[in-house]
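In what comes next, chain A is part of two complexes: it sits with chain B in the first one and with chain C in the second one.
Here is the complex of A and B:
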């Protein structure tokens, strides 16, 4: 028996797929931005050794890095639902991704900070720079270079992982594909196109990030 | 003038400075020699308040360095410091390295800061390296950059912490030559060094540090050539 491909139906539904792709990108970008902000705070908390903050940060990082993303999305959607907190699929997936991104990036940032030799701080100090100036002009720019690629990877990861939105009925690319294929029975066609779209999105992100890095980082490390 | 008065400094149980006193009037170059762990470098770190002190007093231009009321960031503008490790800012060009502090600390305009930076870089012989990144330069060039970067803040004093110790032997000369130039121009300097020839020829006085105290201090030639203290004699016979 031979499978007959029917692509027409897929092209007819292209606007819906593109809309799904947009939601995927949207939720990943937001999850990344919020994740970065929280990760900076958690990294500072972990490095300062201030007991309660350090404890919260450690628990956060350990859970985020050592439990499946699926579990975290379920907890945000069904788990909180059991306590009467009903998040929309979008918000549930977003919070789970933020939670995970923050967990992973905390360790990335901490490693980044610790990779800057302490002599860079003494040199800046000896020139009369304040702590804020030292971080702003000397430490952060160097750290950003070192964590740029791990951060890009995390972003790509979070784009792909947002496909778990399918499980809580979110209308991102995977969820949309799932809905369209079950209405048309063109399973293979829809999922092939969705896979190609994921591929294109991540490649574009990687390309954009390498362009940006060339603009941002003219010096060498 | 830098005036160090009976300074004690401990790291935990380890007392590194055990009552050090040293006056360095303007225009004088003092070299500090001694074995490792004798407290030489710690003294420099205490003078520009990167390290705190346990007791005693350090005055720089009559300002009490370790008083709570002292604005330490401001004070450090008067004290240029160069370290043993090369610590150029690797993400900036040579010119940006030297212009950064004048621009952001002294709030000069970009052009003004660049002009001062260029002048100081030419001063140390890096006039052809403005747009190079420091990682592309030799250790000797990086140390000269560090000197120029400190000079661009127009400091009254220079504190030099074993600036040639991490250099390949063939690069030591160019850095010492730069320091000699500064000395001739009348810069007040405290140099912690293992270069006995430099200590003898360039500095006015030499202080020998032993276990946290100054065991001997005197006119440079005399201390290096005819040390009076037995400890100094022993140390010099070992390093020669």
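Here is the complex of A and C:
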């Protein structure tokens, strides 16, 4: 193998890479939080009987689940330009991720909600619980247990998919890597480091999530 | 008047069709290769002891925890750097197949492990050999159980195949991106592309969900 590795340049640019990693984390956390809020609304709309809301929610979910993430990002970045809306790469990637997260989480939430048998509502009522108490002490704890792992997976997925920012010139981890490698031609070194960083970020997130789940659910899952 | 940009015309159909064809080709290759490898590895993981599993699991974990786009760039630069540059289709197929394999192996492993030990013991006590047990009991029952999850992974591979554009493979999204550059009509083109993916993905994902519901009962 004739390729000579030059790691020096990568170490010099480490602060920029770490900054990129921070943006990656930042955009995925934000996409997750906004996604959860919208998904709760969509899940309520979908379980509601009012037609227009249910219809909007269904269309949202189906488009988000059945088209590629890259398509969504292009749509936000190039497509909205046709309406005179020009989003920055960051906002374009963020809105695409929020759109997809909301779509997937809606189904997760709905499934979690419907998995709780209706007898539990009657049982809580017969114990004299108010409806707020029923949700607070009976329904939500069980629901959270069921949706916790799908939510963690969705979060990891967001982190990995935010790497598509590379294609619209966003300065998250992959975008920064791309910019730095094109300035130094050390493609292999920079992308190896980026891959390692993504791996570490995902592992840390999964580790943190399992710690949190142990605290939240006290081992009974 | 000569403009830098020319509107979308019927002459572009051939170009778009090439993109569609390329998307379908690479997805089918990745799904077929990924399924076969995933089935073998999934079975090996269900069969083997802890040490082998940790080793296998580590490698598969890397494939699942590093973004596909980074894997694609790394692989195609790597083969170029060691002096065997590959065609974007070949490089893309290899990376996408391995990526698919990483997810498929988990799916199949779960399926094979779902076949209960007592059923295998029963089969052996009926005088079946080890291989007969695999062929008549574990494969048919295990594979039936994984069909919905398999479909889910296959659909996500079709969608992820869009990322192969990053190493220069002319799949649907890349052709459309180039058309956008020339025509400056992003909305029309992108909506067309979206409809294409939707038409493929929507019926299959519904079929998968109904299958899942049927099996749950």
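Here is the rule we use: the second predicted complex is superposed on the first by the 218 of 221 C-alpha atoms of A that agree within 3 Å, B and C clash if a C-alpha of one lies under 4 Å from a C-alpha of the other, contacts with A are read in each partner's own complex, and residues count from 1 in each chain.
Convention: a residue touches a chain if its C-beta (ideal position, glycine included) is under 8 Å from a C-beta of that chain, and two chains touch if they have at least 3 such contacts.
Everything quoted here is computed from the prediction, not taken from an experiment.
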item	value
Simultaneous placement of chain C and chain B on chain A, clash or fit	fit
Partner chain in contact with A:119 - chain B first, chain C second, else both or neither	first
Which superposed partner A:129 touches (first chain B, second chain C, both, neither)	first
Angle at chain A between chain B and chain C, C-alpha centres, nearest 10 degrees	100
First, second, both or neither for A:62, with chain B first and chain C second	second
Chain B versus chain C, judged by how many residues of chain A each one touches	C
Touched partner set for A:141, first chain B, second chain C, both or neither	first
Contacts of A:217 with chain B and chain C, given as first, second, both or neither	first
Minimum C-alpha separation between chain B and chain C after superposing on chain A, in Å	19
Contact residues of chain A, present in both the chain B and the chain C interface	none
Chain B partner contacts - residues on chain A that touch it in the complex	117, 119-120, 122-123, 125-130, 133, 137-138, 141-142, 145, 217, 219-221
Parts of chain B lying in touch with chain A, wherever the complex brings them together	48, 50, 73-74, 76-77, 79-81, 83, 85, 87, 89-93, 100-101, 104-105, 133, 135-136, 146, 149-150, 153
Parts of chain C lying in touch with chain A, wherever the complex brings them together	62, 65-71, 73-74, 77-78, 81-83, 155, 159-160, 162-163, 165-166, 173, 176-177, 180, 185-187, 190-191, 193-194, 197-198, 201-202, 205
Interfacial residue positions of chain A with respect to chain C in the complex	1-3, 62-63, 65-71, 74-75, 78-79, 81-83, 156, 160-161, 163-164, 166-167, 174, 177, 187-188, 191-192, 194-195, 198-199, 202-203
